[in-house]
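What follows are several structures.
Below are two complexes that have subunit A in common, paired first with subunit B and then with subunit C.
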Partner chain A sequence: MKTRLNFRALLLASTLSLAALSAEAETLRVAMGYDPVSLDPIATSDNGSIWTQLLIYDTLVRPDATGTKLEPGLAESWTVSDDGLTIRFKLRDAKFSDGTPVTAEDVQFSIARAASEESGWGRFYRPITRFEIPNPREIVMHLTEPFTPAFNNLALFAAAILPKAALEAKGAAFFDAPVGSGPFVLKKWTRGASLELVKNPYYWQAGKPAVDEAVLEVVTEPSARVIKLEAGEVDVALDPPLNQLAALKAEPGITTGSVTPYRADFVQLNTRYAPLGNEKVRQALNYAIDKTALIKGVLYGEGTPAASAMPVMAYADPALTPYPYDPAKAKALLAEAGYPEGFEAEMLVDSGIATQRNTAIALQAMLAQVGVKVKIQMLESGTQWETTKAGGYQMSLSYTTSDTIDPDQIIGFVAVNPERANAYHTEWKNERLNALYTQERKTVNGPERGAMFREMIQILHDGAPFLFLYHPATVWAEKDYVKGFSVLPTSNFRLEDVTIAK
Partner chain B sequence: MFQVILKRLVMLIPVLIGITLLGFLLLQVMPGDPASRAMGTRASPEELAAMRKLWGLDQPLWLQYLYFLRDCLTGSFGVSIFHKMPVIGLVAERLPFTLAIVAYSTLIALAVALPFAILAALRRGTVVDGAIRHVFVALIAMPPFWLCYVLILWLALGLGWFPTGGVGQGVGENLSRLFLPSLVVGLSTAALIQQSLRAALIDTLKADYVDTARAKGLSGAQVFLRHVLPNSLISTISIIGVRVSWIIGGTVVVEKIFSVPGLGSLLIDAIVSRDLPVIRGLTVFFAIMVVIVNLVTDICYALADPRVRLE
Partner chain C sequence: MRILIHLLRSPAGAAGLAMLALTLAATALTPWFSPWDPYALDFGAAMQAPSASHWFGTDNFGRDIFTRVLAGAVFDLRIAVVCVFVPMLAGTMVGLVAGFFGGWVDAALMRLTDVVWAFPFYVLVLAIVGVLGASEANLYIAFFLVNWIGYARIVRGETILIARLEYIEATRVLRFGKLRVLLRHVLPNAVTPALVYAMSDVVLTVQAVAALSFFGLGVQPPAPEWGILIVESIDYMREAPWMTVFPGFAIVWIGIAFSLVGEGLSVALKPKG
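Then we have the complex of A and B:
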């Protein structure tokens, strides 16, 4: 009798502890270097905000994991008319985290809001001039003139679908406790410290997310992120310092991953500055840069050499190769251009980023080899940005990233003049490229549009208004029990498929 | 005394008007425009103009200044362009952590500095005094960022006694999370206090009234606690006052390394993003704090030394 009782007690205890185990919420903790400022998608442009928003909200379509095409989001299917003027979406049966259904009303409201005056992204959505709602699960968007990037822009975080009723009722306070249809819901936000997310019980992908909670810890110091990972206080550390990568890889229990996002690093050359106005000089400088050495020395191997100022994305030409390292040719071109003894130039560098500082010093040494004496001027990032924008510079070490998977946004920015930035403030101008840009925006996606992009990038490569450097990889380190985590080519990360296998 | 405090508070007004004007004008000189920082690479001139209009940056300067004064008087200190909330709200979220570090580090500083200052003063000129001096001078010379990482590697990663940083919920958790950052700040305060307190103690020990007290037949400990120590604390109070003013906004490095959301990092982030209302609002807030800390320091002088009168 006594033994039986004991046995039953034991059985009871073990089932209880099993229940306790399974009841314990499984939490994924991620250390990121950015502090989100707001969860209003039309008012933000910083990484921390964007990444968090993409865990809470859904878009109609979204880039797939490879970043090469769009996959269904809240829209389960769509058709684009041959003239590109009508886009018809069929919405899936999805609910917001407060249990209300996602309707075509909400879609129209959200896109119109993204196109409004208070939106920082208005220009992306203003080409959509009219909406039509045949039924709550269907919406038709009309454009007055063809604008091919419009469809892609709907995959951007700024076009996140928000619940009309809730947002109108709450006003700006909505974004303190936002409601979305994405995999996670905001539970607690300690500004400057952490965001605690719990899974959305109504999420449309059944059984996802796999973890119950996700905590985004704001740790702005790269070394501190690694320390937290080593101490077991976080499961994933984004962007560890590159010089600690080798040591991290060797550490038991920790693995690292890397992906090449849509980013290109380069030096802007102000073509208004006398020697740099000469195409031969700009090409010569490109020949003087040993990109392989830069990637090995500064990026610890985490990057690929760049052939232009465009990230490698849709319509990229695999046959376009970077300028080879050829100091002899660089010297010959400089002599041909009338600068056999080289010249002097000043380069602006963001003082706050270690990689930029190291690259600048390496560039200075490489350019000195061909007689170009570079003076480095370290500036705080805001001042550097304003100085280049005002045109009062000679060289400036910078980079560009793409928010969408369509190359239209970036080419308009780095190569077209006047357009938005006068070819990223290099004041370089090519009429053929400008004409192709206007045409590309009216041409439906396909080989014809692709050929236009390849020609534009070739012109940019030859004209060389930049010193083309590299495409740096985005790196992360994680505990080996984390399965399925990855950073996407668009730099954000999804957590609904991540599992913890302890 | 109450009247004196009131008078000092009234004198605050011209100081603060000066601060608001200076803070406002300095930002006008600083290159950089929040609209172009926010819109980055995708902005057209029209869009930038629209953003500036939305944020009221297209208004004449004098009007912007008056709005700023109004915001200071109503206590909101302006509304952050990017966080979309009143500056006072941002401050309220972060002030507890900053004040915790102020209090915690000061306690640590006193706990470390007092015994060693007393020991050094009583054993002045001996090997003990020399050894203590070397350790504390080394503490002054140590760069905080280096000390942060050494302490993290040793006490957090190595021995596992403390978390590596961050903030948590509740007093208990934060006492353990904020210990290391407070220790870094506290140790450099301790080094300053130890040096000056030792010198003050040695001076006081030579004073005539100390001899008188001894002659009166008081024990060594009584003489020390009742006459020597209180009379030597004036310099310590000044150092703590100056340090507290500094810690409120100046511990950015420590905050960043330990991921503590304090006021210093709020200011730095605001400067980088050119969140003008936050920079302006914090400038005024810091100025008020400095004036208050100075006032409290003066009151402490009067309490410690009856010869000092608040006037």
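Then we have the complex of A and C:
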């Protein structure tokens, strides 16, 4: 009897304390334009999914805030052997959000899963051929041949560490209510509308996250995100319309922030389409673009001109300059290539993004100056992606962002053919670049590997399978009382350090 | 000609015709009184408020909105008129045949209209444009496939009524050819309500074309079609409301003009007696 009473009292007390807690629970509300598709890290490549996953799961190592090196994640420390064939991790004392400890067993399971056939990122992890678990807090990964990006790839969202037991028990349903060791836990997911996250009580960074809850609201219309911020319905609005930035900065109670992430915007040129198969034509088009005017008129100054389709990141060559705006030279090159009167081409454009629409219209006017008549075809982003993938296009306005701090991911995507995407579906091929890519992946980090990247990017610049445009900044607007919010160079954001000082 | 005189006598019809004439004249004469190119970019002149040199202001690319709205009228009017009158012709023929011959011909044609009618208009047009791709030509195909239904039904109803009237009975007694009766005696009377309906249909079609272009399913940029002008203005609505307001006003203006003409027509065509 007595014990029962005690139990009741305990229950009552805990209910009361919970109520007290929720009364002062601090919620951070973020409006973002992307609608996450799935929380399964090996099945996704869209930004909404990736950013959300990185709030729920941890990786062994992760890019630091400057985007120049990796910092400890679930791994407390690590050693990479001189030949690069052995990577040894010591895990920290961390728990998943269901209270079970993170073990080397979970790490092996997660990395093996990321390397599996069902994974969209398999080739990033397949070079890791063998695991060794000396004790539950230590794991050794063995490679059979050198693969320099291996270590870096472990910082990618696809290598998120998942609880083996829970995932095996639940199967695919696990990702509807996932369990991770990251700062937040998914409470409620209203598809297309919002994701409600609560703080993970077992999170390994003591005292973090500072807020109790974080709500990610999916608001696809950029102006609507700003209106919600002004109305106080959200605390942070990601990607406000760039043209409204000046007015937002002037508004009391609102601050704006901006970082230049690892991103490059460009137009894919399908080299299988007759005029675009000619290198001189592709270079001519690059000379015909006034990038300064684009950045001023479309990005409202929030960007820098691009010299290639590679984001400016590790091993970038500061001496590589963008194609200058020179319509006379463009016309001369077109004439040399046998197109003195120009030609016609169709450009696919994502209808959902205002900046893309505006850039397309500006490009159309600029290319018309040298006789190239561009027909714009607005498409929904998924259709645009599928169409370029199938190769049935001429030009397509697109961009790429790097999820890691090593340039290997993006060079393999935009410049190497076939590798991952036939040089991002341009079907352009350069044997020297392909050879450098194979070599780079076997070369340890250092000046030698850097020289290989610089040569590859120079070849890409000269071969011009893209119209190189700009590196746009990522911008956000927030209420004054939000402290510590920032977007990382890898384009995602972390919320564990954000505080609300009302 | 008599219809036109009647139309001009009704105040609504006269006003509507005057508005249409003004629009067409302004559109045709744009190059003479506007120094601006509707397509040329000038980032230096971006988002200027309405002024003496830019009557409707400029857009985010520095293009003159007044010139663009007028240039856009060509697109919207052309599409709306073609999308109404071609299906009207087809629908009228179907309605005439169905109403005049009756029996299984009528049953078959009307079941066909039922099938098309069963789908909500926009869903059907979206599906057609979705399958064929977004372009002006495909917009025509989509509207042609859907828009004839209304006319077929209206004309069929009128035809059934007219076929029972005494003067048609008389043509039977006189043993006139069926085709002659149909085209010379039934058609002129059966088509009048369809003509009135067509006026309001033009209004709805202008809106539908603008709406489809708004969703990226119609005409493609940089064509200054009004729906495109509005969708391009969304993110600038707060700083440069003139980018949205004037194209919106143009749609309302054309809507009122055609509605007034329709109103006038219904008065002018009303049987006297």
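By definition in this document, the second predicted complex is superposed on the first by the 476 of 502 C-alpha atoms of A that agree within 3 Å, B and C clash if a C-alpha of one lies under 4 Å from a C-alpha of the other, contacts with A are read in each partner's own complex, and residues count from 1 in each chain.
Methods note: a residue touches a chain if its C-beta (ideal position, glycine included) is under 8 Å from a C-beta of that chain, and two chains touch if they have at least 3 such contacts.
On a predicted model such as this, the values are computed, not experimentally measured, just so you know.
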When subunit B and subunit C are modelled together on subunit A, clash or fit: fit
Subunit B versus subunit C as contact partner of A:Ser223, first or second or both or neither: both
Partner chain in contact with A:Ala316 - subunit B first, subunit C second, else both or neither: neither
In the superposition, subunit B vs subunit C on subunit A residues touched: B
Which of subunit B and subunit C A:Ala193 touches, first, second, both or neither: first
First, second, both or neither for A:Arg123, with subunit B first and subunit C second: first
Which of subunit B and subunit C A:Ile376 touches, first, second, both or neither: second
Touching partner for A:Ala177 - first (subunit B), second (subunit C), both, neither: neither
Partner chain(s) touched by A:Leu85 [first = subunit B, second = subunit C, both, neither]: neither
Closest approach of subunit C to subunit B (Cα atoms, Å): 6
Footprint overlap on subunit A, where subunit B in one structure and subunit C in the other make contact: 221, 223, 380
Residues of subunit C defined as touching subunit A within the complex: 39-41, 43, 46-47, 60-61, 133-134, 216, 220-222, 232, 234-239
Touching residues on subunit B, where the partner in the complex is subunit A: 31-33, 36-44, 47, 50-51, 54, 82-84, 90, 93-94, 149, 152-153, 156-157, 160, 163-167, 256-261, 265-266, 269, 271-274
Touching residues on subunit A, where the partner in the complex is subunit C: 221-223, 241, 243-244, 247, 293, 296-297, 351, 354, 357-358, 360-362, 364-365, 375-380
Subunit B-touching residues of subunit A, taken from the complex the two chains share: 35, 37-38, 40, 43-46, 117-118, 120-123, 172, 175, 190-194, 217-221, 223-224, 227-228, 230-231, 233, 352, 380-383, 385-387, 389, 400, 403, 409, 413, 420-421, 424
